[in-house]
């Protein structure tokens, strides 16, 4: 992703309060043209509020939102070239699929025959041409979701907002729709801003992800950056699973930290921006740890229990320092599984560890 | 703190904020001009002097209230004693309305419960049957009752023909007939709100109570009744308030001797014998009674929410 | 051992009480209905079945009186119900869709005020008001009084329906370039239709039923069906009264059926129960 790409939505230091409650606190984001951008966070983090601010359903308390360089603060939702796919789709229950999809085109003043042709195109795109005359109540959840998408795409908005559009679908369908959605985004070249609390969804589809928590942006980056190089404990913990190990940091220089592990071993690993000397936390993903014979690893401990997960196996190890570490192994016949109670060593590459900001 | 709620039961949705608020004005104007101002004027009238051909003379006087509560002798010069005539009419009205409410509750609760616990089509039919009388003209229902219980009406004929009685029951023009009429008039008003409350009742609560060794009766009194109380209270209000000011049942079934507030007030505005200030005063007293009941109700409802 | 009813919903005797309740509610009505077909001058003696009293209603000596009263009743009910429905729909939109504003709780109390004030008190107050401002009582005063007390009855089903419609549909419309007025007209109003029809039906029947208030504000000469029936009953129940009662009863039953039908229609198109999952 090149930095010189045009900025589509520019969110500048936006704060949103509802009475005494601050939903968003000084959020700044640059969303680029043609980008699949995801707002990821737990419920209550402010991601939906941010989406509603961009759509125009809420007023910004402080700060500004620019759309291709234009401040859109004073524009009503119907004056913004932005469309939304709502969480529960919000298909107009008294209109059939065609009328739903055509709604925006007619409001924009297209004549009916042109609008009809456009409806045909978008329904083709979402593979629902055969359902044009159905009422929303006669469609399955997956079909409703696609109508909602078609309806929002029909007026060719500059930006498409998607508010957890997959959350009402069951797991299998959700996985299939992800790829489809990504493909449609590439095909149409529209900027997608996608809200979800599901990290897997975010990782599989997004060009870039913003992780939100407590009304603040915690980190912005590609899926890989966020998973491999989390900036803080929240991001490391929220995206995937991780082990947080207490370490003593002796030196931080040029984004590299020298740390002393609980057993006394020393490593030099990448450090998040703002990491400090003193006591700190090291994040190591469970799949990056190998179990070795006792005395041969970076850490020492005793096996506490096995957790069987089908494709994987989790082994919980209690370190001599008292904290627990989870190791993920592939469930294969060639692997030797340590017995519960057995002393083991834990080994990992220094490049797999990341020193976090507390 | 959760994400913004999608449904706003308190109506804090604001799609039309700004330009939607003036839509309330017609309701304000109509009700304000043709109900609030009239009630205020009624209060004023209750402090005016009566005009003998009906209507008032614009002269301040408390004689309406004085006449209601005190007796000053035939010529108005004896030392005042408490006048019981009107107080006892009010008292009889309260008593009749209370009794009607109680009777409606005794029949209405089991009915509401029974209907709410039916399923599917059955429930629709039962509910349909109970709703019809609710929509039927009150006057017609009262006339039907009058027709039924006349001295030589179908009820007496039936009892005479089966030999249960040897001469007609005299029901019409008694307190009992008024009671019957009130009960009959407002019974549907008791059933529907209780039905709505039982509909929302979570039967897992009954199961939990039974699981914890409660008998059916204990479950009814300790779990069900407290849970559906808002519906019961609403039903009681809907029966008590209109019963208190009822006019048709006492007038058509009670005759001249079994006056209730409604008839007393009505009489003040009919013809030359009328006394507008006195009627306005009696109306104010009735309104005050109702407001007391409603305040009690509002308190009760807010307490229930905590 | 006797079989025990394990259903916790079951209470012994409740069914009998329900049947008793229905019997009490229906017996007088059914008896009047039956006697309305009695071909006899006496209301007591049963003769043979005939439509004599219905004929009398339309062509008898009292027919013009009943006809005028019926026209008054229906025209007032239609106008009062339409006005109350429009006012209530507007009020509900303000109350439920315009966010919070000063005087909202006062507005709520005001809309429901006609329900809280006893009918006889409303009647007295309205009479005093019209007499004080020197307004001649008659058709117009009846209409105004009816509009006032019909508002809360129309408001009830309309507000209930509007509360059940998430405002996300209007937001979606605005998102798709509809102005707020278009969102109201193209989305909210059609979705509201069942509630608005119920509100209208309820207001209509309430207006048609009213006796006390009408009796106070009708003035001399203008009669509605309830006042004319009441006047006639004061002189004793005649068979033609039973016939007209039966007709009004039929109208009421028709309205309940209609409102049920509309309610069903509303449930079918209920936006909140759209199917989920594949």
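All chains are identified by letter, namely A, B and C, in their written order; residue positions are counted from 1 within each chain.
The definition used in the following text is that contacts are C-beta pairs under 8 Å (C-beta built on N, C-alpha and C of every residue); 3 or more make two chains touch, one makes a residue touch a chain.
Keep in mind it's a predicted model, so treat the numbers as computed, not measured.
Farthest chain from subunit C, judged by C-alpha centroids: A.
The central chain of the assembly on a C-alpha centroid basis is C. A count of C-beta contacts for the chain pairs B-C and A-C puts B-C on top. Centre-to-centre, using mean CA coordinates, subunit A is 59 Å away from subunit B. Subunit B and subunit C have centres, each the mean of its CA atoms, that are 17 Å apart.
Distance between chain centres (mean CA atoms), subunit A to subunit C: 54 Å. Multi-chain contact residues of subunit C, defined as those touching 2 or more other chains: 166, 168, 171, 174, 180.
Residues of subunit B in contact with two or more other chains: 6. Counting partner chains per residue, subunit A shows two or more touched chains at residues 88. Interface residues of subunit B facing subunit C in the complex, by the touch rule stated above, are 6-9, 11-24, 26-28, 30-32, 34-39, 41-42, 45, 55, 107-108, 110-111, 113-115, 117, 126, 128-133, 135-141, 143-148, 150, 152-154, 157, 184, 187-188, 191, 203, 206-207, 210, 216, 219-220, 241-242, 244-245, 247-248, 252, 261-262, 265-266, 269, 276, 279-280, 283, 286-287, 290-291, 294.
Within the complex formed with subunit A, the residues of subunit C that make contact are 166, 168-169, 171-180, 182, 186-187, 190-191, 269-271, 273-278.
Considering their complex, residues 8-11, 13-15, 17-18, 20-22, 24-29, 31-32, 35, 43-44, 86-88, 90-91, 93-101, 107, 110-111, 113-114, 116-122, 124-129, 131-132, 144-145, 147-148, 151, 163, 166-168, 170-171, 174, 180, 183-184, 205, 208-209, 211-212, 215-216, 226, 229-230, 233, 237, 241-242, 245, 248-249, 252-253, 255-256, 260 of subunit C touch subunit B.
Across the interface of their complex, subunit C is touched by residues 55-57, 76-78, 82-84, 86, 88-94, 103-104, 107-108, 136-137, 139-144, 151-152, 155, 168-170, 173 of subunit A.
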